[in-house]
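Structure first, commentary second.
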Amino acid sequence: MMRLSPPPFQRLQQTHQFDVHYGGSEANVAVSLAQWGLDTEHVSRFPENELGQAAIAHLRSHGVSTQHVDVGDGRLGTYFLEHGTDQRSSKVLYDRAGSAFAHIDPSRFDWEEILADAKWLHWSGITPAISQAAADTCYDAIRAARKLGVTISGDINYRRNLWQYGKTARDVMPTLIAETDVVIGGLTDFENCVGIAASDFTDACRQLQRQFPAVKTIANTYREELSSSQQKISASWWDGKSLLTGRTYTLTSIADRVGAGDAFVAGLIYGSLTEWTKQVTLDFALAACTLKHSVPGDVNRVSVSEVQALVKGVNIGKLLR
Amino acid sequence: MMRLSPPPFQRLQQTHQFDVHYGGSEANVAVSLAQWGLDTEHVSRFPENELGQAAIAHLRSHGVSTQHVDVGDGRLGTYFLEHGTDQRSSKVLYDRAGSAFAHIDPSRFDWEEILADAKWLHWSGITPAISQAAADTCYDAIRAARKLGVTISGDINYRRNLWQYGKTARDVMPTLIAETDVVIGGLTDFENCVGIAASDFTDACRQLQRQFPAVKTIANTYREELSSSQQKISASWWDGKSLLTGRTYTLTSIADRVGAGDAFVAGLIYGSLTEWTKQVTLDFALAACTLKHSVPGDVNRVSVSEVQALVKGVNIGKLLR
Amino acid sequence: MMRLSPPPFQRLQQTHQFDVHYGGSEANVAVSLAQWGLDTEHVSRFPENELGQAAIAHLRSHGVSTQHVDVGDGRLGTYFLEHGTDQRSSKVLYDRAGSAFAHIDPSRFDWEEILADAKWLHWSGITPAISQAAADTCYDAIRAARKLGVTISGDINYRRNLWQYGKTARDVMPTLIAETDVVIGGLTDFENCVGIAASDFTDACRQLQRQFPAVKTIANTYREELSSSQQKISASWWDGKSLLTGRTYTLTSIADRVGAGDAFVAGLIYGSLTEWTKQVTLDFALAACTLKHSVPGDVNRVSVSEVQALVKGVNIGKLLR
Amino acid sequence: MMRLSPPPFQRLQQTHQFDVHYGGSEANVAVSLAQWGLDTEHVSRFPENELGQAAIAHLRSHGVSTQHVDVGDGRLGTYFLEHGTDQRSSKVLYDRAGSAFAHIDPSRFDWEEILADAKWLHWSGITPAISQAAADTCYDAIRAARKLGVTISGDINYRRNLWQYGKTARDVMPTLIAETDVVIGGLTDFENCVGIAASDFTDACRQLQRQFPAVKTIANTYREELSSSQQKISASWWDGKSLLTGRTYTLTSIADRVGAGDAFVAGLIYGSLTEWTKQVTLDFALAACTLKHSVPGDVNRVSVSEVQALVKGVNIGKLLR
Amino acid sequence: MMRLSPPPFQRLQQTHQFDVHYGGSEANVAVSLAQWGLDTEHVSRFPENELGQAAIAHLRSHGVSTQHVDVGDGRLGTYFLEHGTDQRSSKVLYDRAGSAFAHIDPSRFDWEEILADAKWLHWSGITPAISQAAADTCYDAIRAARKLGVTISGDINYRRNLWQYGKTARDVMPTLIAETDVVIGGLTDFENCVGIAASDFTDACRQLQRQFPAVKTIANTYREELSSSQQKISASWWDGKSLLTGRTYTLTSIADRVGAGDAFVAGLIYGSLTEWTKQVTLDFALAACTLKHSVPGDVNRVSVSEVQALVKGVNIGKLLR
Amino acid sequence: MMRLSPPPFQRLQQTHQFDVHYGGSEANVAVSLAQWGLDTEHVSRFPENELGQAAIAHLRSHGVSTQHVDVGDGRLGTYFLEHGTDQRSSKVLYDRAGSAFAHIDPSRFDWEEILADAKWLHWSGITPAISQAAADTCYDAIRAARKLGVTISGDINYRRNLWQYGKTARDVMPTLIAETDVVIGGLTDFENCVGIAASDFTDACRQLQRQFPAVKTIANTYREELSSSQQKISASWWDGKSLLTGRTYTLTSIADRVGAGDAFVAGLIYGSLTEWTKQVTLDFALAACTLKHSVPGDVNRVSVSEVQALVKGVNIGKLLR
């Protein structure tokens, strides 16, 4: 997707200029992993025009392979992002109707070939919300991964304003979650996607696992929002038996919160593939998520060693030279 | 419409920033006339979001009334404009699918009331190209104007990439042109809209009038394009009997050619309503069109006296102080 | 007025670029009310040049009528605004000498006609501080409003660096306040404008009403300034009998505090014309004032529903999508 | 003075941003000479505020001494510059009323001390046009220079929109020109300043010298303006007996023509002080003037060797590396 | 290399901002070929810091493989580019001393493995000018290519200000040219690199081939520089027997001429690998070179079809929509 | 030095634009003192190119004399500054290798002549870290100052990444400190420069004075870094007998912390030369240091009265008008 945002503080209706960024939930995860040194690939469909080319170039610049990307008619999905400050909320104006991605053709992807050497497949709840074709493609990928023994993670982030093609999240998501190993989501996601009503994350996790035994791990970030500028962030990880929690980071000068959840997911996948312990993985993922708030754009331009330094609490606030 | 263009010289696929302008063929004509002191109104449909508000604010800032504008669902029609230079062509990437305007509802407009005090109605060939609803609305307006004795002008600029809703220009345009007093168009427009094949403007005008006796005046601009930076521009006016022509202006450093045709139309209408002679009107319209090339954005921010100074050839190239 | 401010953080003496905004105390109030859907008009005098046109276009873009604006010689009043941060104060460098507004001609305005359909007239203490002609014009408007039964509000904000034409605030303001229904002001304003010395707002209000029985309502905002970046804001409303107070909002990342007082006044007028209760009106006005700090420029680009959401405490700090 | 100009091509009424430059006729000459290695000083009066400081810093940054500059009340003279392009003229909107310079106090300058070690004094026709005090100060300087045997040059550039203080150029200029050695001016300047009507530069020079025998040299630049983008420039030098002329340079992509005349004057003074021949001096001055058109801002940031390369015709159009 | 250039027209000494581009002679060729759909790889050495990463990301974004790039100590070679206009020349200030590339270690590259599947190797005369290590690495690559039967092209562009490590072009270049199939260069290059003095390209080509029989093809571009803004460009191709020439394109509004030679080389290689005829290849290369002047940055962001349209003369100066 | 920094929040590897500032430790001190009205001079060596000229112009613009500056070959020392925010640290990427300054020639400076009328000489620990020649030049200056009775201050700020020429700080610094009157430094500086290990500033000061009896005063700032955005700052002054301390300022929105130490040093020198009491001097220096955090660039653009207002606690957080 292309993201258009006014310069700092300006409102959409007053701006005479947009900053351009490219991103998307799964793409952001792929970029983090690629820049941390893993071989990653993004599989999607883009329009056959200059904006589609720019989106592909964005992925490539970070070392993400785009060899199976399909191109064709339709527009590049767009969103307008207005950064809030203090009591004024941040705001996304979606402009995704008619995107090339919505018209993705499942038959164009041979997932068993695509995933032949893969260790991990990641999908997000945005994809099945876009169109039936996107949901079908997502399901095809999941089934192929399952067949090949590839670990599957799904970030089930629920967005009410998507899901416009006649199906609801509850119609579609259970099938996808049923074959997913690692779920990222919180209470409202669980409620909207699979109808689990719980007042407590542990309880919700237990219910989810009862309903979907394939799910082994459930993780989530927490955000306490004092204002658009001041927030606290933390995270938990349910491993099927117990709940691990991360520390709480205080943010007072947020540059860009979009993609923070994707940065967290990337951290989880990186730690898991590196075979770190769960706590080390969670701490890394949460620190990556925290640092994302300081980086403009959808993707998290921070190195493994920068994330680890934050976990260790070194260099914070320093002028490194 | 919202227009997004990269900073000077940059290509769409490389830019990190878009300049935002608002415009549209009929809207640009209205803005010129309003800033020259005439009461004008723009009637259209905009999305009920911040970008729709910004488009309305743009019109209002120039003194164009928006009191009958309808607002509702859909997106703001958008186009990406890449300014060419030297041998590289300028390029428009349309992104209009699903616009609020395409979903305009003809029944929302009581044209006899809207046009009650009007002297002139202007429509462009873009409108009927967008959707059946837009074509119907355009036709409703024309019929009401006719009934009320309001002069009607139509700029039949033909755009191949529009006309996606199942009808062709030849299906729709003849009905609209049949009730129009002043037509702005050239040979390829005539061919594509009404099937007139002529190698000469005078001949084409004669054929058009034979076919559509209501048409009294036909005008057009001519552009000789040496490169994206160097062009010559002129214009003609067929009054039913003879052909008036304007001088030829040489442009060597074009800032923004979009809207030049609309500036010409505004000049024609202004001169006609001011009851200038035909030649004075044509000279004014052509000079307005020429000056538009020096103004960034879709609208022609020049005063009547600046246009008249160019007609007289005074002040050209001066540093006025 | 035109406001010129360096990019964020830069000092006046180092900048190579100014951001341009248009505003002014009464104009800002009118813009807020117009964008909230009320018919408003701004009556003033602007220079007959491009900058005057731009100021008028600014008002029109927000839907404020400018039909009685006078234009003529003189310059556009200007101020340079340097945004402070942390311990560095924000700074205004006035450059208003010789403005077209200072040369306003009272005889050019037929206030009974202008106010014929009006429900409310608002003036600020800036106007009578500029010149005798401006003070006279202000008084003419107030008398006409009184005669027509139009409610009158006056924001008596006292600025020591204005009042250069030979009169003091104490010479001029009492006459204006004497015929005003709603006064906005604080202890230092009261002292400088009408000589009331009080250590407590309630006491000051009582004294003011004793001296000016026509005044029915007195309201004010309070600001606790920890630094240029961190401030707390609240407000009170004296209704002649008791003191209503608003909550205290904490600001930690102020984008632009200019116009916050005008946003408060607009909220008061909006609530009053909507016939909300006093507390609802005060809460709305204070929330509008608070949100203004997050919007660049002099005017408060926020909707009624955004203000109401802040009053209710919903959505704060969220990323709305 | 401070100059505020919209980004390239934009019109004053549409811009949201101004580029800031500092300059002024005599100041520009001083900057050129300082950067070419001569000791120079600018004597003037600036406001005691941040903008005055910035103007002084501008001069100092180029190595121009400001040790006798006076500071005090008043504003910094300002002008708005809109760059034209093609058929649209460039435009200056003066905003100089009430400047600190207009209130210069002749008694604050001890010209015999200031000029003690000077070889050259330069004044321009802008100065005596601003106020009686400025004219008096100019005359004081000229008389002191004459007494000390310092060479005096005067660029009598006539600006109709200045001269607002009750005197005309013809009232004031003859006295100043009468004691000037080197006059820079053209036919309209001569007519407006001293009433000489001539159709030919040589004839005008002869008349001027007859009237003002102290004048030894008269020089001028010629500009043929095809459009704002395309111009030709040349120059002449009358040495009392014969007319030297320079070649004609063609400009097709003018970046900034303001200060071109000052660049020419600086070249004349530099060549004269370096004791080059008249033709070498004229060629150098004209090449400096020509290059100024390619440099943004009021001052001519080019080196002696760059000017000399243009005179020799080397390196033109090259990419030097 | 990183290129830092001031905004349009500004001089290096006045700018407060640099635009950042990445490029380099061989890299620019690789980017053109990659975006035209060929598999390309760039082999070099970059610093192990954020700027080195950015340079690599630039290559990747265009689809150029960087898998054999070496990273290590040293800085990123930098150059400052000042765009000239009219009579003011463009200027490069090299800042390459101590670059990571200069410290390239020939032993780190196994060229037979790198070139295993290659069809073409391209080198430029910049590389051997930087350091002995760079010259050695270049020679290693050439020998391996020769051994593997890979076609070799060399752009022998001579830069006097490089060659600082104790050897001259004449010491080093002959050995490299001796094993090169396709040479790009002109008269001064031949003179400086191999001591051929000729007044005519055909004659020079004949001499070069006599001296270096392996050279089969020699091509070159010609530039007539009227000013920095107005230039004419053409090209020739010597195939060992006869001289093919291209048409002459006139440029009047050059956006960025850096990389035009590389765009020409890319066109030659593309046409050769596509097995077009020599004239078709030359016409394509020259049109690519011409279009490069309209694209900001070092690389030529134009498609094959845009280049071909220019060869055919269609669309020039149009507004494509 | 030239400093290149991405726009707010951006990371080095993502930026397409650098803001340019000029600065350097001793230069920043000189600029503060010059703008506060003292005669100051900066003695150094700059490259003979446009960037060297720009650095000199920067100093001159603030009124710092550059009359003894040497110019010659080499590049302008550069550093890339990435501003951190929240948990992300700020980062300096040095690019100083091969600077003109490193090649300074001690024999080019006649320090007794340069310091003839001086009252104070200031050096920083950066200088001797650059090269043997720089260290020698620094020592020459110190000895001359000592001989002439000029007070000497040294800011011994230790930077591990400098000191690349074969000597360590401990080899070089003791000789310089031995002849310095006023030392600015903290515990890690003392340890790295002279091998003093102490856990307490007072203890360290006592040890330093025992080792270097010429040192009369030792001062230092303290910084508590909660994040890149939130910090506390304070300072101490050891006068040989007792420790004076300043208050603690809280920063929550840091614009630019580079040069804060230099601002402190400038305050110390200014207070000392003005013969303020130690506490008044320390309070002034600390307030100057605090205000520097709010000013973009390396230099502290604040006036004496602004610093004094902060010491008094007046105007903080106000909008001054």
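The letters A, B, C, D, E and F name the chains in turn, as written, and every chain counts its residues from 1.
The rule is simple: a residue touches a chain if its C-beta (ideal position, glycine included) is under 8 Å from a C-beta of that chain, and two chains touch if they have at least 3 such contacts.
These numbers come from a predicted model, not from an experiment.
Fewest steps needed to get from chain C to chain F, stepping only to touching chains, is 1. The chain pair E-F and the chain pair A-C differ in C-beta contact count, and the higher one is A-C. With centres computed as the average of Cα coordinates, no chain lies farther from chain A than D. Residue-numbered contact pairs of C-F overlap by over half with those of B-E, the repeat interface among A-B, B-E or B-C.
Of all residue numbers that take part in the contact between chain B and chain E, under half occur on both sides, making this a different-residue interface.
A separation of 62 Å divides the Cα centre of chain A from that of chain D.
Once the centre of each chain is set as its mean CA position, chain D and chain F turn out to be 41 Å apart. Work out the mean CA point of chain D and of chain E, and you get 45 Å between them.
In chain E, 8, 11, 13-14, 16, 57, 252-253 are the positions where the chain touches two or more neighbouring chains simultaneously. Contact between chains, using the touch rule, shows up for A-B, A-C, A-E, A-F, B-C, B-D, B-E, C-D, C-F, D-E, D-F, E-F. The residues of chain C lying in touch with chain B in their complex are 57-58, 60-63. Those residues of chain A that touch chain C in the complex are listed here as 8-11, 13-14, 79, 84-92, 94, 159, 161, 225-231, 252-253, 257-258. Against chain E, the residues of chain D that register as touching in their complex are 8, 249-256, 287, 290-291, 293-297, 301-302, 306, 309-310, 315-321.
Within the complex formed with chain A, the chain B residues making contact are 4, 11-20, 49-51, 53-54, 57, 75, 80, 82, 93, 95, 97-98.
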